[in-house]
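Pasting the structures here.
In the two complexes that follow, subunit A is the common piece, with subunit B as its partner first and subunit C second.
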Partner chain A sequence: MRFELTPRTHVSPVMRALAPVAAFITAFLIAGFVIWLMGRSPVAAFDVYVLQPLSDPWALQELLVKATPLALIAIGLSYCFRANLWNIGAEGQYVIGAVLGGWLALKTHGTEAGAWVLPLMLLLGVIGGALYGLIPAFLKTRFGVNEILTSLMLVYVAQLILDYLVRGPWRDPKGFNFPQSVTFDPSATLHPILEGGRVHYGAVFAAIAVLVTAVVLGRTLFGYRLKLTGDAPRAARFAGFSSKATTMAVFAISGGLAGLAGISEVSGQIGQLQPSISPGYGFTAITVAFLGRLNPVGILLAALVVALTFIGGESAQILLKLPLDLTQAFQGILLMCVLAADAMVSYRIRFATRGGGK
Partner chain B sequence: MTIVEAILLTIVTASTPLLIAALGELVTERSGVLNLGVEGMMAMGAACSFAAAVTFDSTLIGVAAGMLAGTLMAALFALLVLGFAANQTGSGLALTILGLGLSGLIGAPFVGARRDPIAPLDIPILSDIPVVGRLFFEQDLFVYASIVLTVLVGLYLMRTRSGLTLRSIGENHTSANALGLPVWRVRFWAILFGGACAGLAGAYLALVYTRFWSPGMTAGRGWIALALVVFAAWRPGWVLVGAYIFGAATVLQLHAQAAQFGVPSQLLSAVPYLATILALLLLSIRHGRAIGAPGSLGVPFVPDR
Partner chain C sequence: MKADVPPSGAPLVELKGISKRYGDLLANDGIDLSIEPGEIHALLGENGAGKSTLVKILYGVIEPSAGEIRWEGRPVSIGSPVEARALGLGMVFQHFSLFDELSVAENIAVALSDEWNLSTVRSKLGEISSTYGLALNADRAVWTLSAGERQRIEIVRCLLQNPRLLILDEPTSVLTPQESEHLFTTLDRLSAEGCSILYISHKLEEVRRLCRRATILRAGRVVATIDPRAKSAREIAALMVGNEVGEVRTDAPHHPEGEILRVANLSMPPAGLHGQALRDINLVARAGEVVGIAGVAGNGQSELFAALSGERPADRADAVVIAGKASGIMGIDARRRLGAAFVPEERLGHAAAPSHRLSENTLISHAAAEVSRSGFILVNAAKRLARSIVQSFDVRTPEGDPQARKLSGGNLQKFVIGREIIRKPKLIIVDQPTWGVDAGAARLIRQALVDLARAGSAVVVVSQDLDELFEVADRMAVIHHGSLSPLRPIGEWTREAVGLEMLGVAQAHGGAHAV
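This part shows the complex of A and B:
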């Protein structure tokens, strides 16, 4: 018996929209099976992972907090992935954004600096992430170096830079030798949208990014150019679109948004710099981008859904003693299911027996 | 043993996992499939081999478990990219994310356990040669195996009919298919071979190199192995050279950290990653683009297209 693939001539939009849902359900069933193999109850796990966060107001806020960086980064990545470019170093761009923006917060710490600090910090975050993202883009366009490997290697470098800074020159002298910076001043803090709430203004940035991207991709020449570059590179060249300029642009956009996510998280959520400022948002955002079918609104929904697994993972660790690595494993399974579902939408898969027994 | 000898010995130990993993990936890529999941397969190899070795108190069972884990992960990847013709880059990333997560689950109960060092295989007489003797002829079995594997992979690809088939499928799967070559089957085995090698590399890491297990212990070595294949222009001999250069860079930065030159340790830790970028850059500057890449690398195969 063997597989046979034939491209589908007509793909219904309903199927395209349902594919990620089917993928998500499949991923849940597989994860449930894994939990069962570990000798735990899949039903209890489902309750802790999904139902409890959704029925608890505090957890719902937490959901938005976690979805914010995911959506911001994934929106940026969707520009790259649409042009068939593989920026897998968003985690590093996120860190550098936080570092450059955080630098201003530490510089102005304890001074009378006014309301200009926070906007400038956010801007520095965007610039830091964009510049860091431009490194692999420049190496690719100028020298033809594979962007997948360079962008990934730069993640390790960025994490080491942050580690050096918070253990060395930026360590809080009164912090009992803990590797962390001073706590940011109120003027360097991204405030909650609602007084006393947890959701900070980063969520607004994410919403703006979704709206702007929806317009850019659907209504502008640049959006068309991305699609053409990804789907038919030769045609894009004949149309006079420079693939080098496109590469630089999408890496700058995705790096900038990852940097914004980084500085928003640090100034709105963590409140200081420390060696670890992300539970892997930059990598998880890849799953989010594909789960959302590289579509802005889809990505927003996907970010909320995947944020659920982060929160569920944290409470499952406390309540069920299920390790946090399970969440990462689930995200890997989810990405696999999404890619398989995408393929099933594009191709008809047949099991065929051929020539007796072979 | 002098310090120089000791350093050279550790360079060999640090290079071997890179060499083994890169050789496996080289065969996979030569068949036209890009598997970015090396890091994940390696992590699974490390966790499963260590768990099995501690549970059964046997290095042999540990190595077998590591290779099996890598192979199973690769089979999952093969199902996605061959069965569903899914995007290879995305599937490879998913495999890495899954592998890092699952290995954390499997390894967690074994944190803190240690394995005894494996006795080196001493080749009589030859190992008595000063300096080079101990370096070349008193290593563990895996080191010899990795050298033999390099030769075998080279001979297989360049001197056998089956190797020729594999290369032609990698160069142009449409033509190969038209000639009646079994694209699907050859790629399946090439992917599994890559997985077994990555698993073995992970097992070596956990059972010989560190002799304990800790989360994230592969530390990007799978990605460096991927870069090595590009660096070597898809030729086994150059993978060997590249692996030893990288092994040397890793070990020398560790010694530099221990010597405390006043350079931040983080800068030295970044050396292997920066060296990878630099190596890829120098290669591209010299040749203009990545040379030797198989023509169909990374392109999903659908017969009717």
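This part shows the complex of A and C:
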């Protein structure tokens, strides 16, 4: 006996809309089973993961904080994924953006440098991420190297560069030998939107990215070019769209947005460079992009939802002594469920019996 | 010539009430068909009539929703091609399933059961080759062979298993007229020995040449079982299409004027390992004429199309001159702006994006024109354009602005050709304009191309369908192994002359493919 996926002749719009919800429920059931196997109460875990963050004003604010980098990166990735190009290295582009932008913060540290520092840092963050994203794009267009492998491997390179810098040349001399840089000056800090709040201007950048992307993907030839490249590459060539230029453009855009997320996080939340500046935003953003169906507004919602798992994961670690790795495992389960649910909407499973016939 | 085996009771194979449903679509609807021992039975129908579905059911590839198959009177269930072969069925598919890098003998051995090895295949191959006139060199690598020779491998592979029924799916679509005639001789001999043949085709002449009985399918149903020699080609066509098919009018005055396209000494290396190189191609198309390019598939047609359209630019600007402008190194978009239009062979995936709506598909070749302004898509203009193409070219759509894949082959082809013609291009280059298209749509498309030429455009039609070229072309050339024969007025060509060019004149004289 074997499985066969046969396309559905009619795809119900209701099913399509409900698929992410079904994916969520399934992912929670699987995760609940795992938690039960670990000897904890799935009900208590659900309470800690989902209900508590949603009923606590501090946690709600934290939700926006975590959703910001997720949304920025996932919006960028949606450009790539629409064109059927697989940038798996947003985490690395995020790190390099933070490193290049952070370099200016450290350079101007303790000087009288004025208000120009922060905008320039952000710009450097974008440039750093974009250039780093262009490496796999160049290798793909020039030598035909698979971009999934190169972009993923470059994540580890980026992390090691950051690690080297904060342990070596960029270490704070007065930092008791901790592997971290000096704390950024106020002129190099991205400020909260509300005085005393935690949500910084990165959230505004994410909102702008969502709006601009909605227009670009839906209403411009460039957006159509990505869609056509993804859906029918030969037709894209026939339309006169160079696939090399498309590849370079989408990797630069997604790298740039990941870099912007990186420098925003470092200058807005962390305030210094340290070996770990991301709980895996770059990877989780892949889930966010697909959960949001590569649609800008969908991605915004998905980012908020997935941010919940980060906050819930931290509380679960404290309250239920569940390992933080479980959060990543859950995000992985969620991605699988989302992809499976989408496949189920467009295809039906048939159990084919070989040889017998009727 | 034909086997005179009397129908000793039961036919060899009998299909009764075969139906196959795909969702809302009934691909086969209660089909009855019987084949006598030694009979060459034709299965006729347009694309989408249900021929392939029926044959796949018979060969065990798909399972029928209802109905019964009887083999020599006994009900059988054929669950897989392996079971089909065990019963005595052999099938030669339209698209060959051969490994390019392996030799002829290896390709045959791979497909046979374990009792066979290379040396037994080699000895039996020689025997079969000489008995049936299927010349094959056991040690040649497949990629060096012509389509006709590749088809022989498939046939020999079936014959080695002593089939009782041989199924051939559109076997002549890749053959020259001479190669086809050769195939018919082989089939006659097989039938005389008692092997039944189910011959699938939409070419009426060859069916009348080969078969005494033909089953005609239309929209999944048997509309008639006839003796094809007792009916005229027009009558049979009318049965296949369901109404009378008119002819293309080409009698309007024909006064070609200035040159629109000049191709001078165009040579291109092959794009891939088994691609075809283009060799020193010269071609001129003038305003007001239809230039036809004939040839057997795989002789450089798609490479020529890519070079003319700019999908793969040449290395010299003056290799392709469009409307007086040396454009050999321009991309496809720049050439469109010079007034050229292009229609590639593949409708789905090349000319149109299957999952995109027709209005979105207008953007593919109109990116620089009226459906966008400074990088923004004019959604309403695109919808209006799609609507006017649909109306002007009688495209039948299931809904207002459907996805391209929801259209039947013929309707989508009318759309992609209409999308180009509606721009009133100075030059249009069309690769296989009516490939796999029903007769009604084919006529409309040919007429539209002829009308465009008569209105003062240059039209270049690349086609494997000789009848089509004789119908529409004013001048014609033949492409063979990447070289183009001189262009001659259509009146100076005979089918035989075209056939010789298709084989390469030198080769024909050498007798390598002598018929």
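In this text, the second predicted complex is superposed on the first by the 346 of 358 C-alpha atoms of A that agree within 3 Å, B and C clash if a C-alpha of one lies under 4 Å from a C-alpha of the other, contacts with A are read in each partner's own complex, and residues count from 1 in each chain.
Here, contacts are C-beta pairs under 8 Å (C-beta built on N, C-alpha and C of every residue); 3 or more make two chains touch, one makes a residue touch a chain.
Predicted model only: the values in this text are computed from it and were never measured.
Q: Assess the superposed three-chain arrangement around subunit A: do subunit B and subunit C clash, or do they fit?
A: Fit: subunit B and subunit C sit side by side once superposed on subunit A.
Q: Just checking: does A:181 make contact with subunit B only, subunit C only, both, or neither of them? Give me first, second, both or neither.
A: In the superposition, A:181 contacts neither subunit B nor subunit C.
Q: Given the touch rule stated above, what does A:267 touch, subunit B (first), subunit C (second), both, or neither?
A: In the superposed model, A:267 contacts neither subunit B nor subunit C.
Q: Once both structures are overlaid, what angle do subunit B and subunit C make about subunit A, taking C-alpha centres and a multiple of 10 degrees?
A: After superposition on chain A, the angle is 70 degrees.
Q: Who does A:222 touch here: subunit B (first), subunit C (second), both, or neither?
A: It touches subunit C, and subunit B stays clear.
Q: Under the stated touch criterion, which partner chain does A:332 make contact with: subunit B (first), subunit C (second), both, or neither?
A: So A:332 only meets subunit B here.
Q: Touching A:38 in the superposition: subunit B (first), subunit C (second), both, neither?
A: So A:38 only meets subunit B here.
Q: Just the number, please: smallest Cα separation between subunit B and subunit C in the overlaid arrangement, in Å.
A: Value for subunit B versus subunit C, nearest C-alpha atoms: 5 Å.
Q: Going by the contact rule set out above, which residues of subunit A touch subunit B in the complex?
A: Touching subunit B: residues 2-7, 38, 86, 88, 139, 143-146, 148-150, 152-154, 156-157, 160-161, 163-164, 167-168, 283, 286-287, 290, 323-333, 335-336, 339-340, 342-344, 346-347, 349 of subunit A.
Q: Which part of subunit C faces subunit A closely enough to touch in the complex?
A: For subunit C paired with subunit A, touching residues are 22-25, 60, 63, 77-80, 83, 309-311, 331-334, 336, 342, 344, 346, 349-356, 360, 363-365, 367, 372, 375-377, 379.
Q: Going by the contact rule at the top, pick out the subunit B residues touching subunit A in the complex.
A: Subunit B residues touching subunit A: 36, 40, 76, 80, 82-87, 89-91, 93-105, 108, 184, 215, 220, 223, 226-227, 230, 264, 266-267, 269-270, 273-274, 276-277, 280-281, 284-285, 288-290, 302-305.
Q: Could you list, by residue number, the parts of subunit A that touch subunit C in their complex?
A: Touch list, subunit A to subunit C: 8-10, 219-224, 227-228, 231-232, 234-235, 237-240, 242, 354-358.
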